[in-house]
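Notes follow the structure.
Which chain is which? They are A, B, C and D, in the order written, and residues in each are numbered from 1.
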Amino acid sequence: MNSDSLMLIILIFFPVVAALQIAFSKNSDNAYRVAFITSLVLLLPALKLLDRFDFAAGDTAQFGYSISWVDSLGLNFSIGMDSVSMLLIMLSVLLGPIVVAASKSAITKDKRMYYAWLMVLQGAMVGVFAAQDLLLFYICFEFTLLPMFVLIRKFGSTNRVAASIKFFLYTFTGSMLTLAAMVYVVWFVAGPDQFGSWTLDIPTLTKYAWHMSLTQQSWVLLGLLAGFAVKVPLFPFHTWLPLAHTEAPTAGSVILAAVLLKLGTYGIYRFAIPLAPEAFFEYAPHIAVLSIIGIIYAGLICWVQTDIKKLVAYSSVSHLGFAVLGMAALNVTGFSGSILYMLSHGLSTGGLFLMIGFMYERYHTRDMNTVGGLASKMPIWATFMVFFAMASVGLPGLNGFPSEVLCLISSFQSDAAWTAAGEPGAWGSSLGPWFAVFAGTGMVIAAMYLLYMVGKICFGPLREPQDHHEHETLPTDLNLREIATLTPLALGCIYFGLQPTVLLDTVSDQVNATVRIVEQANGLEPAEPRIMHTDDSGHEPVINGNEGASHD
Amino acid sequence: MHAFDSLQLAQLAFPTEMSTSVLAPYLFVSAAMFAIGLIGFLTRKNMIIMFLCTELMFQAAGLALIAFGRHHLGSDGQTFVIFVLCVAAAEAAMALALVVLLFRHRESLSASAWKELNG
Amino acid sequence: MMTASLLNNLAPLAMLAPGSSGEDAPASAHLAHMVEHVDTGPKWILLIVFLPLLGFVLNAIYAAIGNKSKLPAWTTIALLAVAFLATVSMFLSYDGTPYTVHAFDWFNLHYGEKSFVANFSFYIDKLTILWMLFVTGLGTLIALYASEYMSHDIGAGYCRFFSAFGLFVFSMSCLVMGDNMLMLYLGWEGVGLCSYLLIGYFYKKPSAVAAAKKAFIVNRIGDLGLALGIYLTFVHFGTVEYAALFSNETLHHYIDAAVAGDFSAIPGEAQWIALLLMVGAFGKSAQFPLYVWLPDAMEGPTPVSALIHAATMVTAGVYLIARFYPVFLVSENALPIVAWIGTITALLAATIGMAQFDIKRIMAYSTVSQLGYMFAGLGLLSTTGAAFHVLTHAFFKALLFLACGAVMHGFAGQLDLRKLSGISWMKGWGIVGITMLVGCMNLAGLPYITSGFYSKDMILAEAFVTPGYRLMGWILVFTAILTAYYTFRVFFRVFVGDQHAEPGEDFHGDDTSHFHPHAPGWAINTVLIVLATCSVLAISLAWIDKSEYHGWVGSMVADSTASFHSPYAVSLAAAHGEGDPHAVAGPVGYGAPGKILGMDPHGGMIVVSGLGAIFGVLVAAFFHGPKGWQGLFLGGRTEAGKCRMDAVARRAGPIPRLAENKWFVDEIYEAILVTPLRILAHIFHWIDKLLLDGLVNLFGFLPRVFAWIIRPSQSGVLQGYAVSMAGGLAILLFVVLVIVLRAGGAA
Amino acid sequence: MEQIISPIALYLICAIGAAGIALALPRRARTRSLEYAGGLLVAIALGGAALALGLGAADAGNPMPNVFFYPFALVAIGASVRVITHKRPVYSALYFIMTIIASCGMYILLSAEFMAFALIIIYAGAILITYLFVIMLATQAPTGDGDDDLDDVDAVAREPMLASAIGFVMIGLITAAMFSGIGELPESKMTQAQAADAVLAHLPKKVDKILEREGVLADGWRVVRDHETGLAMIDVDARTIQIELLGEDEHGEEGVLATRMLGAEDWPDALAADNIDRLGFNLMHDHPIMIELAGVILLMAMLGATVLARKHTELEEALKAAQARKLGTMFDDKSHGNGFDDDGHPSGGHA
C-alpha cells in the first residue's frame, strides 16, 4: 500500500472513525465541531489524490489497494479510482463540509446522532465510488441507505416516518434485485468457460460478462436496472423521491440529490452497461423513452407544485432523465454528457436545496403561497436563488448547459436510420432526432417551472407567514457561514460552465473504453472509421447496426 | 434349555444374523406405535395425555432403534435408546413442571386454553 | 407559397452573386472565398467582449458593498465607451480578411478522429463589425441616458441595473462575435437572462415579474429550436465553428444544388437546420407567433426597452439568419416562410399598434412590425436591406423609446396618450419634442429626408421585383401607411396641441393640480440629440458605395458570409445603369421585373411608399392632430382625451376593441396552450400521487393482504400447529417416497 | 426388490386401522358400541398386518420372528391404543406402563435385555410415576363410573378423523418407505464373532480373569497387550489368543520371558462378551461427549423443573385484569390528549 492508496482509505474510514468519536463522546456540543473539522480535513487527502491522479490514464483504476478477504469466493477489499469515480469522490468530499456547515443552526437536538450518521454517510459515499470489488460496492451502496434513513426518520419534518420507510423499502427492494443480477453475473463469470473461478473484481467481471447470451443479459439488465432505476430515479420509479426529499433535513436533501441519486446513474454506467452491453444496446430506446417521459412528466408536475422543496425534488427527476438519456445514447458524447450531468446536477440542485433549507430555517414553511417575494427582504439569498435556478435551467456559461448540450447531441447522433445510411455521426444506439426534440422540450419546461418558482419565492410583493418572527440567532438575510457554504457550489457552477473541457478531457479515456466495450459486445466497428467525412472520397463505411449484434 | 433353544430365545441366538423378514414386523409395530402416539398427540386435549403420547412416540423410536441395532449386530441402537431415555426423562420433568405451572394459571389442562399465539 | 422556393428558379442567376469571378464559377464560390483565409486576430479584440463583463463584475461588487452613488453608471459608461472605441478601431483596422480571436477553450471533446469543438473565441468579419458598432455605440449612449433615468433608484437597484446592463452587452457581444454556434447560443441565452432580469427589474410589481417570466419562457421555446438547429448542424456537418462550417464542402455542394433549383439533392436534415434556427430567430426577434412577449417586456425600465427590446437584442434573430444565410439558402422552404412570417407580423403588429393608448406599447408594437420588415427583407434574399433597416431602426427606435422614456420619467410614469398633450411646448421639453419628431419621421419613412425611408424602401422594392411576391409588397406598403399613421398619432396627440398633463401612477402627491413635470436633464437631452443626429446622418449610408454594393451596409454585408445578393436587387441597380453589367441579363424566364404604376420598380417604389407615408401622416393629422398649424390645418383636437378618431372607432364596432386587446392573441395562447398544459400538469400530478404512488403503496400493501389471508392459520391452538406439522411431514414423506421410488425404478 | 407386504394390503390395513382409531377415540356420545367397534377394527387391522407379514415371510421361506413376538406386539399396540382412547388419564398412564412392559419383552427378543430392564425401571418406575403424580395433582378424583363427571378436556377428542387420517397416512408412508428399502439394508460389516466378541480385545484384564478362572492360564501368564494401543492380542475370528509370561530374567530385570499362542481348542466357552459389556463399552468408548451432554440435559431439566414448578406469590388473575384495564384506559386517554395534565402526569391517577 503506497501513501496514495492510504489517502483513499482515509477518505473512506476516517469519517467512520470520526462518527464513532462523535457517537461515543459525552459532549454533544462538540459534535458539530468534530464533524466540521473532519469533513474539512478530508479535503486534504482528496486534494492530494487529485494532485497525484494520472489524468493520462483515466480509464484505469489508480491508487488501487486490495486485501484478500475470502479467497475461495474471490472476495476482496479492493479499492481504487478511475477518472469517473475520481470526479464523483471529489464531489462527495467537497459536499462534506458544506452540508455539515449548513446543518449548524438547523440541528439543535440529538446532534451526536445526526453528525455521526452524516459522517458514516460521508465514508460510505466515497466507498461506493472507490469500490473495485462488487461486494464492497454493494455493501457501500446499501450502507448509504441506512444513514439516510436515520437522517430522514429522526430529523425530517412532519411526515418523516412514512417518507423514511418508503425511501428505505423502495430502494432496498430494488437493490435486492440488483444483488441477484450481480450474483448471477458472478456465477456466470465463475463458470468453466469463462474466468473459471469465483471473482468479484469488477474489471474482471466486465471482461467476461458480455459473453452472456442476449437473454441472459436482458435478465441481468432488468435486475440491475431495478435497483439503479429506482435510485436515479427513472420514471415511473420516482415516487419515493419527492417524499424523501421533502421530508429530509437540508443536509439530507443535498446529499440525496447531489450524490445518492448519482449512485443510480453511476451504477448504470459502471455496471448495467458493461455487464450487459448487448442487452443495453437492445433496450436503449426503451430506456430513453422512459427518461424522456420522466423529463416532461416530472417537469410539468414541478410547474404546479406549491411546496418548493417538492418542486426541486421533481426537478431532479426531470433533470436526471437527461443523464439517463445520455447513457442510452451509448456514445462518447452521451457518456461524457451524462457524467457531466451527474456532477453539475449535484452542484446546482444541491445549491437549490441549501437555499431552501436556509429559507426554511427562517420561515418554517415550504409553501410558496405562504412565503414569497423575498428579494426585497433577503437580497443576497435571492441572488443566489436566481443564480442556482439559472444553473439548473441550463443557462450557457453555467454548469447545466454543457451536460445538457452533450446529452441532446448524443441522442441526435445515435440514430439507427443514419446508421444504416452511413451518415456522419451515425453511431451509438438507435435513438434519433425525435428523442432529442422531445427531450429538448425539457429545456422549455425547466424554464417554466424554475422561473415560476423564482417568480413566486423571490419576486413579487413580500409575503410572509402571519405568525412569522425573526429567527433568534440567524440574521434576516444570509449570514457569513451560509454564504460560505454556497460560494463553493456557485464557483463550481461557473467553473464547470466555462471549463467543461477539463472534465471532458478527464473522463475521455474512461468513456472511450466504455464505448469500446459496447461496440465489442455488439460487433460494431471501432469508433474511428465510422466517423465519416462527407467529401466524396468514396470512403463509405458500412455500418452494421442492430443486425451486427453478435449472439454468440 | 432345549425348549428354549427351540424357541430361539434371543440371548442364546444372539450372534446369529437376523433376517429382514424378522426385522420387518418389529418395524411395523414401531411405526404403528408412533402413529398411535401421533394421533393421540393431535386429538387429545389433556396436556398430560399429550405428553404421554410423546412418550409413546419415543418408545416407538426406541423400539425401531433397538431392532435396527440388532439387525446390524451393533450396540449403537441401544446406546441411543439410553439417550432417548434421558431426553424423555428430562422432557417429562420439564413438561410436567410446565403443566403444573400452566394448570395453576388456568385451572385447566386443556392445551386449547393457551392461545396467545393467535394471529 | 411554402413550396415555391425563391431560389427555385435562380439557376441562371448564379453568376450574379457578387464576388463571383466568372460566369462559370459556382454559386458557392463567394462563400468559399469569404472563408478561404481565416487569420488569427489581435488579442485586444477581447476587450470589446470582456470590458462589459468587467462592468458586470464591478457593479456586482458595488452592490455587495452597498454603493450609493452614480459610480456604477460611470463605470459602465466608461467601460462601454472604451469597448465602443475598440470596436471602431476594429472596424478601421479590418483589412478584409476575417479572423478569429481565441480566449480560452470551452468545449473540446475528442473521440476517434472527430471532435466536438466550441471554444470561447470570436470570429470577426464585416457583419460582426456592423452589428458590434451599433451594439456598443448604442450601449454607451443608453447607459449614459440610464445614468440619469435610473437615478431615483440609486442605492437600491442602481447597481443591479448596471450590472445586468454590463452583462447584457457582454452577452450580446458573445452572440454577435462568437466564432461558433454555441458561443452564439451562449450570448443568445445570456441576453435572454439579462432581458429577464431587466424586465423584472421592478420585481415587486407582479406584472413585471410575469412579463419577465413570459419573455424568458417564450424565448426558450425559440431557443429550443435554435439549440436543436445547432445540434443538427453539428450532427450533419460535424462542426459548429463558423469557419469550418462555411468552408464545409458539403455545404457548398448544397448551395450549388439549391441555386440550380435541385433541392432533392439536399438531404432533409440539412434543410431542417434552417427551419429550426428560424424558430430561434422568431423567438428572439418577436415574430409571429412568438412575438407576444415583446409588448409585455415594456414593463422594464425604458432604457432597457430602448437598448434590448428595440435596438439590439431583438435584432439578434436578424443577425442569426444573416449569419447562417448559406444554411438558409439550402433549405427549400425556410426563406419563404421567413418572408411571409415577417410580413404577417409587420401587418398584425401595426394593426395592434394603431389601437393602443400606451405610447411605449405603441413603440413596442412598432418594433415588432419593423422587425417583420427586416425578416421580410431577409426572406426576400436582401440581407442588405434587412441589415440596413436594423441599423436605421436601431437609431430611430432607440430615439423614440428614449423620448417616450423621458416623458415617462418626467410625468411620473404617465404613458397614456389620452392624458398628455402639447409636451413640446412645456419648459425644458423642446429637445424631446424635436427629437421625437425626427424619430417619428424616420419610423414613418417620410421620403428622402429620413434614413428609415431608404432602408424600408430597399425591402419594399425587393418584394415588388421578386417574382411571385408582389402581394407581399402591397401588404408591406399598406403596413407602411399604417406605420406612418400610428407613429404620428402619438406625435400629434402627445407632443403638440394644448398643454395638458396628468401624472401617472408613480405620482404620490395628493393633489394632481400641483403636479409639475420633471424636465429631462443634460444626459437625456444629449443622448436624444446624438441619436437624432445619427438617424439623420444614416441617410448618407444609403449613398456611400451605392454604385457597387447598394449602400455602405451593402458593402459591409457583401464582405461577409451573409452576402447572397438578390439577383433582382442587382438587376434593379442595373436598370438604373449603375450596376454590374453582368446583371443586365436579368432573371431569365421572368423577363424584366414588373412595372409599378407604369414605372420601373425602384422609381415606382419611391412614389408609392413615399406617398403612402405622407398619406399616413395626413390621416393621423386629420384624426388626431390639434387645431391649427400644429395639426397641419387638418386636425380638430382641442382636448387631450378627445379626437375625431373616437367617433370612427365607435362606429367600427368591435374591431378597435379587438385591436386594442391585441386581437386576444395572448388570451388565445392562454386558452389553447397554457391552460391545457396546466391542466395536463395537474393531471400528471394526480397520476403521480394516486396512480403511480398508489401502485407503489399497493405493492407495499400486498404483503399485508397476504398476511391477512393466512393469519387464521395461526390459531394459537397448539394442536392446530401439530396437525399442520404432521400433515406437512406426511406430504413431504410422500413426495420423497415417490421421488425415491421413481429414481429406484429408473435405476 | 421383493415386496415384504403387498402395498394394497398395507394401505387397506392402514385405512381400517384409521377408521378404528377414529371410532375408538373419546367422544361425548353415549355409544360404547362405537368404541368397541373401533377397537375391533383396530384389532382386525393389526391381525391383518401380522397375517400379511407372516404370510409374506412364510411364502418366501424366510425366517419368522420368535413366537413370543406376537403376544408382545399385540399387547404393546393394544395398550397404546387404549392410552389414547381411554378417557381417564390415570388409566391412560397405566396402559402406558403396559405398553412399556410389552416393549421390554420385545427388547429381550432383540437381545437387549439390559435396555429392557432399564426401561422398566426408568419409565415404569420413575417417569410414569411422575406422570401419575401430576395427573392426580391436577385432576379431581372420579365420582362415578360414567363419563359424566369428566371435563371436555378428557371426554372429547379433537378432530379425530383428521388426526387418524394423518396418523395412518404416516404409518402407510413410513412402512412403505421402510419395506421398500429394507431389502437394501447393508449387511453388518462385522462377522458374528466380531460383533459378539470384538470388544474383548479392549478388555485384556477381563480376558486374563476369565482365562485364569477357567484354568487356561498358568500362573504368571497373561494376555499380550499391544504396545501402542494397549489392546489384547486376541483374534476373535481365528479364536487365538497370544499370551506371555512376565517375570525377572536372569539379569534380574522385569521383562517378557516367553510368549505363546493359545489355539481355538483352548478358547473357553466362558470367554465371551455379554450384552452389557458391549453396551457399556460402546457407550463409554464411542459416545463419551454425548454422555456429558445427557448429563447436562438432565441437570438443566432438573433445575428447570424446580424453577418452573416453584409456587409464585402472584397476583390474583382478577386483580391483574383490573390493573390491565386501568392501564389501558390510561393510555387511551393519553392518545386523546386529555388523560394527562400539562406536566405529563396521568390526571386520573390521583382521583
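Quick notes on this structure:
Everything below uses one rule, namely that a residue touches a chain if its C-beta (ideal position, glycine included) is under 8 Å from a C-beta of that chain, and two chains touch if they have at least 3 such contacts.
All values reported here derive from a predicted model rather than from experimental measurement.
Contact tally for B-D versus A-C: the pair with more C-beta pairs in contact is B-D. Chain B and chain D have Cα centroids separated by 4 Å.
Centre-to-centre spacing of chain A and chain D amounts to 67 Å, using the average Cα coordinate of each chain. Computed from the mean C-alpha positions, the centre of chain A lies at a distance of 37 Å from the centre of chain C. Computed from the mean C-alpha positions, the centre of chain B lies at a distance of 100 Å from the centre of chain C.
Residue positions of chain A touching 2 or more other chains: none. Within chain D, residues 158-159, 162-163, 166-167, 170, 174 each touch two or more of the remaining chains. Across the assembly, chain C contributes 719, 723, 726 as residues in contact with two or more other chains. Chain pairs that touch one another are A-C, B-C, B-D, C-D. Across the complex, chain B is touched by residues 4-5, 17, 21, 25-26, 46, 49-50, 53-54, 56-57, 60, 62-69, 73, 76-77, 80-81, 83-84, 89, 92-93, 96, 99-100, 103, 106-115, 118-119, 122-123, 126-127, 130-131, 134-135, 137-139, 151-154, 156-160, 162-164, 166-168, 170-171, 174-175, 178-179, 182-183, 185, 187-188, 190, 192-193, 195-196, 275, 278-279, 281-283, 286-287, 290, 294, 297-298, 300-302, 304-306, 308-309, 311, 317 of chain D. Within the complex formed with chain D, the chain C residues making contact are 719, 723, 726-727, 729-730, 733-734, 736-737, 740-741, 744. Interface residues of chain A facing chain C in the complex, by the touch rule stated above, are 166, 169-170, 236, 238-240, 297, 300-301, 303-305, 331-333, 336, 373, 375-376, 386, 390, 395-397, 401-402, 405-406, 408-409, 412-413, 423-425, 433, 436-437, 440-441, 443-444, 447-448, 451-452, 455, 458-462, 498-501, 504-505, 508, 511-512, 515, 526-528, 530-531, 533-535. Within the complex, the chain B residues that touch chain D are 7-11, 13-17, 19-29, 31-40, 42-46, 48-49, 51-53, 55-56, 59, 62-63, 66-67, 69-79, 81-83, 85-94, 96-101, 103-105, 108-110, 112.
Listing the residues of chain C that touch chain A in their complex gives 104-114, 116, 120, 182, 185-186, 188-190, 193, 196-197, 200, 203-204, 206, 209-210, 212-213, 216-217, 220-221, 223-224, 227-228, 231-232, 234-238, 248-250, 267, 269, 677-678, 680-682, 684-685, 688, 692-693, 696, 700.
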